[in-house]
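Each of the two complexes below includes chain A, the first together with chain B, the second together with chain C.
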Partner chain A sequence: MDPFEIEFIGENRIVSIIPNFSHDKIYLICGEFGPFRAGLPMNVPLWLAVMLKQKQKCRIVPPDWMDMEVLENIKEEEKRSRFFTKMPHEHYMVEAKLLLGAAAEDIPRASEVKTIIKDIWDIRMSKLRTSMDALMKSGGSYGRLDHLTMMEINSVKPLLPQAMDELHKIKMMTRTSASATLNNSTFTQSGSSQNI
Partner chain B sequence: MANSNYLSISDILVTNEKVPCKFLLDLPKMGFLDPSATENDLKAGTNIEIPLWLAESLYTRRPPLVSVDLPKIYKETYREILNADSCTVDMHKLGQHFYELGCYIAKHDIKGEVSSTLLNTFRQRFKMILSASVSTDSINSVQPLSMSERKRTEAAVVTERALSSWLKIGDCPLTTANMVANHRKRKRAEMELL
Partner chain C sequence: MDAEDIELSDDEEEITAESVLKTLQNAWQNERLAPEILPHHNDMVECMLGQIQHMERNINKLPKTDLRSCIHKMELNRIKYIICNYLKTRLGKIEKYCIAIVNEEKQRIEAGTNYLTPSEFRYAQEYITNMESHLKNTILNHVPGNMQSFELNKMAIYPNFYCHVFLKANETINGIILEDLLGDQDEEIDIEEDSQHILQYKPIADLVKNGKVQLV
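Here is the complex of A and B:
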């Protein structure tokens, strides 16, 4: 999958905004939102929030987790733990990227938040690569993907499953020598040509 | 080997690889198989290289007409090299279809060591492919890859590129800070790579 497709999926996440206009309920494929009352916080999908922000129709309420203290804790835990820790939610990277891009002024200490999220991402990516290599070396036949987000899983996608597949095939083909013959159809083919 | 069907092109290419064989019986009028033969008949005991598909069908007859020998990359000497450090081997030259052919050839190995060599080699080279796919600098420094490895590396590079371009695009690209990029440790790591 392309990262942009994952971004698209992640854009359905609900965030809080404070609109500066009033409007009736709107009806979208993903649900009903509104009514909009100027100055009253409400929930909308991320894509709508970003769109309204770009038109300067709202202010975005920073999500609970986009806070330096919370992120510091996550980063510390991620550093300490050998395994992946639980992220605030499945699309933290998408949400961070879009909100920090469109509404940096609504988020307190935006540049620090940006840096720390990038740090967390880097720690997790390097951990992912190390554990992929460890998985191959130890000869394990399965990997646990607990707490990995969609974007992270996607980043290893063609390589790791393909490699596991091929490894499994080599194991199967070489273990049972009886089944390691050529395709049966090849034999019928050669058999019939001998009859002629 | 991705899908080993009768009509799979890669499988056909693999079974078209030549393997050394020894003929166990006299074969009349088959002398043309051996380019150095002067007679019409193929004598028992001749050693020639024939495609795997032919070797397999001659081997599975009762009694078998040939005994299949291991191609040189699966022999003891090369197995030792591969087990020691397979990342230094030029797979492009020595075995375009190393893993796929190895699967077919493994049952002709009396000691049964080919299969463990295949697995070892695969694991060792996986790390090389992994690190090559994430950094564009090191892709030139890896030893030539076999056909299937090359395909996998290419796919991995495509994903990696897509991801890094996604990270860069937008209003606030999350990039490496100057201070971190210029850090001594990181520079040294790059120097060692080159």
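Here is the complex of A and C:
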């Protein structure tokens, strides 16, 4: 999938805004939102929040986790742990990118927040590269990847799955030639079924 | 107070437009990531198209400057994108694997477990006919007689079931068997609810189709 599609999926996440206008409840297909009361916080999907922000109809309430103290802790934890730690949520990177892009002025210490999220991302990506390397070297055809977010998983496509596919092909060939030395007649059979 | 309201509506298990949209989005995601064509979700698509039509009629009644109208339009465009991309992905697979799909689908139709909608099936069959006549007109009819035979099944391309995919478990599943190619010790794994894995598509193909796992 393209990164913009992951972003598209992430945009369904619910965030909090403070509208500067009043309006009755609005009935969307993905659910009902509102009523909008000027000055009172309310929840809407991320795509709607960004849209209203661009029309200057609301302020964004920074998500709980988009706070320097919380993020420092996450970063420390991520550095300390050998494994991937649990992120605030599945689409933290999408939320950060869109909110910091469209509403940096609504988020306290926005540029620091941006840097630290990028740091966390970098730590995780380097961990991911190391574990991919280990997985390939162990000749694995199976891996468990808890706490990795969709965007992170997507960033190793198609490299990791394809590398594993190739490894699988090599193993198939090894097996075919091994059985061929045992029994010459099986060579032609399994050899032709190999022909993909 | 608000939290209570939300909990109450969650308890009711009725089919809402919201849940249809969610199912459709998951189906789209699976279809994008699975190597083979998956059973169709035509009822969901039809239902959503009905919702869109209904919504569009309502939007037209609103004054153009109404804020609601542009919010609704934005949402509809998002849903239309999912539907279009879903159908396009399926057509792409149908074209690529047309011969294999039509052969397998014929058996599935007999068993009543068809994966394609009737119109998709017709499309696949016509695609093959057109491809065949195109190849005959451009090449086969102009080569010596003994080379003119057209063997459709030899041209079939099959999806690679051995490719690796990422998945997230919707529920705990025990005893997925991973084949060991070199040794003869097949490995058996259990996956817990909400855990994520990368593994071969083949052993989990059925789990994708019955919704026990979600491809990511």
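We take it that the second predicted complex is superposed on the first by the 175 of 196 C-alpha atoms of A that agree within 3 Å, B and C clash if a C-alpha of one lies under 4 Å from a C-alpha of the other, contacts with A are read in each partner's own complex, and residues count from 1 in each chain.
Keep this in mind: a contact is a pair of C-beta atoms (placed from the backbone, for glycine too) under 8 Å apart; a residue touches a chain by one contact, two chains touch by 3 or more.
Quantities reported herein were computed from a predicted structural model and do not represent experimental measurements.
Residue contacts after overlaying the shared chain place A:129 against chain B, while chain C stays out of touching range. By the document's definition of touching, of the two partners only chain B reaches A:159; chain C does not. Contacts of A:174 after superposition on the shared chain: both chain B and chain C are touched.
In the superposed model, A:118 makes contact with chain B only, not with chain C.
When the two structures are aligned on the shared chain, A:3 is found in touch with chain B, with no touch to chain C. In the superposition on chain A, contact of A:68 is made with neither chain B nor chain C. After overlaying the two complexes on the shared chain, residue contacts for A:143 are found with chain C alone; chain B is out of touch. Of the two partner chains placed by the overlay, neither chain B nor chain C lies in contact with A:40. Common to the chain B and chain C interfaces on chain A are residues 157, 162, 165, 171, 174-175.
On the chain C side of its complex with chain A, the touching residues are 17-18, 21, 25, 29, 32-33, 48, 51-52, 55, 67-68, 70-72, 74-76, 78-79, 81, 158, 160, 162-166, 178, 181-182, 187, 189, 195-200, 216. In the complex of the two chains, the chain B residues touching chain A come out as 1-2, 4-6, 11, 15, 52-53, 56-57, 60, 99, 102-104, 106-107, 114-115, 118-119, 122-123, 126-127, 129-131, 133-134, 148, 152, 155-156, 158-160, 162-163, 165-167, 170-172, 174-175, 177.
Residues 2-4, 7, 97-98, 100-102, 104, 114-115, 117-118, 121, 129, 132-133, 136-137, 139, 151, 154-159, 162-163, 165-167, 169-171, 173-175, 177, 180-183, 185-187, 190 of chain A are the ones that touch chain B when the two sit in their complex. Those residues of chain A whose C-beta lies close enough to touch chain C in the complex are 1, 5, 8-9, 11-12, 21, 23, 26, 28-31, 47-48, 51, 57, 141-148, 150, 153, 157, 160-162, 164-165, 168, 171-172, 174-175, 196.
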